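The chains carry the letters A, B, C and D, assigned in the order they are written, with residues numbered from 1 in each.
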Amino acid sequence: MSPFRTVPLGIAAVTLVATLWLAGTASTSAPVHAEANGSPALLTDPQVVGMRRLTEAQYRNSIADIFGSDIRVAGRFEPIVRPAHQLIASGARSSAITPSGLEQFDAMAREIARQVFDEEHRAQFTACVPADPAGADASCAGRTLAPLGRLLFRRPLSEQELALYVRIAGEGAGPTRSFAKGLELALGAMLVSPLFLYVVETAQPDPVRPGVMRLDDNSRAARLSFMLWNSAPNAALLDAAAAGRLTDQPQLAATVRRMVASPRFEQGLRAFFSDMLLFEKFDELAKDPVIYPYFNQDVLQALPEQMLRTITTQLLDGDGDYRELFTTRKTWMNRALGALYRVPVSQSQGWVPYEFTAESDRSGLLGLAGFLAMYSHSGRSSPTLRGRAIRELLLCQPVPNPPGNVNFTAVQDTGNKAMPTARIRLDAHTTDPVCAGCHKITDPIGLPLERFDGIGGFRTFENEAAIDVSGEMDDTRFTGGDGLGKAIAASKDATLCVTSRALEYATGRPSEDGELIERLEGGFAAQGYRLRQLIETIASLPQTYEVPTESIKAGTTLVATRR
Amino acid sequence: MRLDTGMARNASLAALAALAGLGAASLPASAQPADLPIAAADGSPFPPGVRVRKLGNASVYTDAKGKVLYGLDMRTLLRWAPDPARFCDADCAQNWTALAAPTGSTANIRYPAGFEKTADDRFMDPRKAPDWTVIDGAQGKQWVYKGWHLVFTRAGAKARPADGDGADGNDADADANERRWNTLKYVPPPPKPAAPGVVTTAFVDGAYAFADREGRVLFTGKCERDCAWRPLPAPMASSGLGEWQVSLAGDAPEWTFKGKRVFVGAAGGSGTVPSGGQILRP
Amino acid sequence: MAFDISRRLALKGMMNGAAITVGVPLLDIFLDGNGVAMAATGAPVPVRFGTWFWGLGVNPSRWFPDNPGPGYDLKPELEVIKDHAHKINILGNFNVMLDGAPNLPHTSGGPAIRTGRALTAEGGLPGESFDVTIGDRIGTRTRFRSLETSASGDPRNSLSGRGGGNLNPSEGSAAGLYKRLFGTGFKDPNSADFTPDPEVMARRSVLSAVTDQRKALEGAVGAADRQKLDQYFTSVRQLENQLDVELTRPQPLQACLVPQPVADRAINAEIENVVANHALMTDLLVMALACDQTRVFNMMFNNGASSLTRIGSTITHHQLTHEEALDNRLGYQPEATYFLNRIFEAWTYFVAALDKVQEGDRTLLDNTLVFAHSETEFAKFHTIDNIPMMTAGSAGGRIKTGIYVDGLGTPISRVGLTLQQVMGVPIDKWGAKSMETGKSIGELVA
Amino acid sequence: MDRGKTGLGLMCGGAAIGVAALMALTGSLSMEAPARAEAPPRALPAPPPGGVMGFVVQDFVPPVIQGMDACPKGTSPKVRDIYLASLPADERARLERKENEPELTKRWQATVFGADGTNICSQPDKFDRPLLATVQSADAGGLDLDGDAPGESCSHEEFTAPDGRTGIDNQEYRVMGCTLEWRGKDGIGGDLLTGMRQFHASGEWTQVILLRGVDSLENDDDVEVIYANTPDRPQLDSHGNFLPGYSFTISDKPPRHRNALHGHIVGGVLVTDAQDIKLAQTWGQGGARDIRGARTAYDFRHAKLRLAFQPDGSLRGLVGGYRPVFDVIQSPAIGGAGAALAAGIDCAGTLATLRKYADGIRDPKTGACSGVSSAMNLYAVPAFINDVPAPSARIAPAGTAHAGNKTL
């Protein structure tokens, strides 16, 4: 049917094999393998050792950086599911694309391609003037598509790949009588290809340590760029990869140093904390509007942003100590939040810096409405949820789920004058030994935050009863948000936790190397807990690019479903 | 027409009355009062003798003798006359002289009567009118600016005074006849330079300057090490556009204009450009 | 402590993970750019979208249900929809935010709903109305991209357009509508010949190219990644199937029967006449949909400042809403309310007419999404928060029905966003300023 | 449904309707407010350190007093009734018969129009219509405006306020107080409150009050009072009440209304020295001047604020001053014929009556008055107010002249 014959399998096969080949150490034997299509030979060298799906942010940032912020990316992204107690960065390694998910990617791809080659943008992205704007022009299409492909696939296109897309462009240009339309179709094909939607990591043998596989240059460029800038590698990085500079330890270190010093590092750091602090939960956050009239869409949108601004201000402006993230009073305000915090905000639009007063008892991240509202119920605060979140997110200490058959009525009945405060209600609840075990872990670090209601508004009474904010963590006693903040800042588990998260974020797997984490934490401490330094260290660490043997041998695969 | 239909019209004139002739009000093009943004000229030729002169830091239209032109917004005159075009007779005519259209010219615009649409194709809709049209005024055929503003000069005035400008009713003591008069200010038509999609133009300090999509002024200058100026980000894949080229030197690709780095101001005004920065203009 | 939290355990906590493949359905329905839903049979069933407008709002306390959620309670003014309530959603308590722009009486509400923007220009629309955007997705291959009709006969009564001053004019005469639809130029879809869409063919070949990469790519990856690739290519296959369906000749439209011609009749705003005109136009529209002449429509029952009158009376509906003083003990205006009752009778007729037509195991209504709305909440005061809105039909199973959604004062643009997403428009944000939203109405999406 | 969400737009079919709607509603407020306004300030908190206090105005409505004694003959007739009243008895009877209703409507609506396209609301000065029935009782909410300005006023009767204050000047109420729009038909109303609230919630009319130099809420003889408009939109709770604690910035874009007043606090009540006060009042017809509505304003001459501090931190009281007579019918006048036809409002008759009872804005030469004394009840909740002393330069983005609404 139609002039659109589907591309002969042979060519595509050659393409891909060659791709993978070229992605690894240069070789001339590609065609041989191509004929022996899918032969075991492929499984040895070179090697695809991982495919990490782009997150929504990484997809959007890539398109904006490559084609410009005026290109609309409109569509719903299939979420990457977070494995229990892990980062989304790890989930990305095992995230598949469902039919409906692909449908969205396909629609987005076509919409982006349409914009890139529309009247307004065409000139910028077409490398040459076609012989006939109403027909195919293989050479001009090639010169246009090759650089685009390199940016999208984060490595140079092989000749065969380029041939494939040039062919699509040609077959599109004919019947539509438009060279641009052909390019549009070819670009659309690139954007829906697994080679774009997944960061394909390929490995090569480590020359110095026989038997060990390490990521090759192109894969390192992509990993660095997405880890540190949360976007596609730029020309400089791709050049560095092409020149083999990223497998050279000193040059790698130099590159990393430059990247963490760049303003673009903020985008990377924001992505890391959004992942570590489970910001995807903000999408489902809802509050009872009658109980909390100050909670609205504007507030909801401002909550994560306020936390991120607080984080980047503390950790990047002047390279502050990570531990002070739990004690600082410096933050940012906008109009919507101003009312919730009951503070004046000078500007109608945008954000203004703000410093909480000592009386506010708002101490670092845990004093911000974003955290306090997230770990509350829709109509009341929850010392237990807050305590558990602190354990799991900030101290990396998993807390077991409550058993199925628990009676929560006592805790939920906030109107009960006999039990006016959460502390009293919880005490009643935890007389049940089944519950006591876990509540001992969570509640004593959640109760100090009880002066903040279900959306983080300040209060000193609950049901006319004064709120007791004394608490305890790992045998240290304290009171209020300030005390809690200091306790966490002093906890080795907190710095150890962020260290392990940073390493997991870099590699896309939870590290199993406790010694390594402890060693990194030591270095972190030695550098005054400056996170920029820690991430720089991790990003230049040879181990970060080592390929665990398990991903080479065909491992067993579990299939999980959503709960 | 059947009675009930007729009456139906009448009742819905309720709504329409409110709307009649106001459409243009929505367009900045209708806004000459001093306290509203001045709409740019649409580039259509001036009436014979009309020219533009600098007046203070603004530019105004004048007649051949250099007398400043004033606009009288017809939409503010309904209380005095159902056809506001005929407002300025008798006393008003003592003080204000209509800018007469050339003899023999025919009116091509009129104030929308009541609520019925201007079906009559001899007259154009003031909302869609070009800068200069001719109306049947109290002093004969006269010019109208941007569909709504009857054009006058101050009778007997020497060259180019602009007294009473902007006294458009906000001033509690303004005389009822003064309050609707405003000098016709001139803003040239916006240029259409070949520039990337993220670049627009804005009228800053009497001339057009480049701005980003949010209207923030673009500027260039020597940016010292770790300065806080925000460069204008460019697409990595772009091969540039005329005088606009993409620099891949830094960590993030950025636009350059005529080889100069381009930075984004904090907001619309020239005041938002830091010292040492020069506003970029087409 | 019962629960020893040693560093060792902490570390352990960081490391329980193995490679797992996860598939999360995003939407359980597959639709493509042309809005083709796959019915159980696998045969393409066109999905339609339309709007139904009435002017001058309601008496809120006598119209909005008390209880959000499924199985809502029916107040006096909605009693009439009883038999179809399970296929109708009620939407309340969504707000129009004007950001300081004036509330132009009977003028600001409609455009805000249709464009997600505050009207700052008199006449016309501040942006493209979503029925047009949806038409670009699903209406491109039918004879009419969309049909605009005005039961009260005023061609200027329209809320559909690309923005700016120009509105898609409405057909005010049933006879005229018949001629347009079934007069010369009408081709019986069941006899018309079929030409595949070159755009779709092009996309099909692109997907083939992607598929051809499968073997080679899978040959080069480990087991865990092969899992992902399998799912990826299964998804590609799925998409290819949808396109193949579009590239093959559609099933005959069994419900398509060419109706009898309609005679010319008086056009005026007298209520009985408008009701009759609306019924005629509805029947024609139903066949236009059944015969796949269009997939998008806009029905205006009356205009914003409603000029409806009663037999022998000259006082208009609009006049009554303002002139008839509100007795706050009674809580509503009896005279003005007469027209409301007639309006919702007409709405019920419209819904029933769509529901009468069978298309396979569904009805035409089931394969359609009708969005009904007014331009004010309570006309006497021109309130534009809590404007009454409804949907009818489930767009081929893409949205849930029989629900009252309480918007809790969130922007009304959430409605437009949701309708567009359901109809396959690829957007994640819609509206401007305070009405810009990325939050669709989850309760409704199936 | 949530009455709190009910608001009203003053214009459709002519601002008149708005007025109609608006005034149809007076009620709970008008009955309680004057009393509230003078609620004896008990247990007033100390002013904040620095003596700066901010408020956003939630309620701003005419102080109508319900009850039969104000308008013994009921509310003023509409254009239709005025026409009928002008006819001989038998002709009136004939037209009032149902079958003649179309003829009656045709006739009375004809009286709305005059020669060469004029009508009684667009060109009220060009018609000679009967005067409105005025308020008969001696009670009215308001302020004593002429007490400290002898010779500024024209002769008029004065009212006594429900709280006992005498010498109350409120000729606007005397003239408008018996119209259906002001009085309503049910003696409760209250919708007017929520209706007006919508304007004040929209950012179109929103008013803020900023107090500086407050040393005591009980007594302070020197307080700076800024009474201004803000473009910022207040947030409402689910009952339509403004939420306290939000920040607002005083408008720095024209038309800019920022009234700097001087006041003193006596016994917990803040009173400002007489001075002209201007506040935004845009009927959203699309505007005779710009899209923000006809460029009208609340133009209170020789005006005062009288505000009582409430223990809960809010402010209750009145603003009063002399308004140019035409301002009172500005809204129906903009509405034009529609105002008369759809709401039966007789703009010409109203304007004539206002002129007759004018008691302020006296022309020293002729001695004639062209303004009426007027007052609005006022309720304001605590807020953070950012003052903007000097208007900042504005720049019109180019291209938008044709691209439409970006500049607005």
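Everything that follows uses one rule, which is that a residue touches a chain if its C-beta (ideal position, glycine included) is under 8 Å from a C-beta of that chain, and two chains touch if they have at least 3 such contacts.
Note that the coordinates shown come from a computational prediction; the quantities given were computed from them, not determined experimentally.
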Comparing chain centres built from Cα atoms against the global Cα centre, which chain wins on proximity? C
Which pairing of chains accounts for the highest number of C-beta contacts? A-C
Roughly how far is chain A from chain D, going centre to centre by Cα mean, in whole Å? 55
For chain B paired with chain D, centre-to-centre distance based on mean C-alpha positions, whole Å: 33
Would you mind pulling out the distance in Å between where the CA atoms of chain C average out and where those of chain D do? 41
So, what's the distance in Å between the C-alpha centres of chain C and chain A? 35
Quick one: which residues in chain C touch 2 or more of the other chains? 104-107, 120-122, 305, 314-316, 318-319, 322, 409
Multi-chain touching residues of chain D, meaning two or more other chains, are 11-13, 17, 102, 105-106, 231, 238, 285-287, 291, 341-343, 404-405, 408
Residue list for chain A, restricted to those that touch at least two other chains: 289, 296
Taking the complex as given, what residues does chain C use to touch chain D? 60-61, 63-64, 92-93, 95, 97-108, 120-122, 126, 164, 305, 312-316, 318-319, 322-323, 325-329, 377-378, 380-386, 409, 434
Using the touch definition up top, name the residues of chain A that touch chain D in the complex. 289-290, 293-294, 296, 335, 338-339, 342-348
For chain B, which residues count as touching chain D in their complex? 3-4, 7, 10-20, 22-23, 25-31, 33, 35-40, 42, 73, 75-76, 78-83, 113-114, 168-170, 172, 187, 190, 200-204, 208, 211, 215, 268-269, 271
Tell me, which parts of chain A touch chain B in their complex? 65-71, 120-121, 123-127, 147-148, 151, 229, 232, 234-236, 258-259, 262-264
Chain D to chain A touching residues, read off their complex: 231-232, 235, 237-238, 243, 245-247, 249, 384, 386
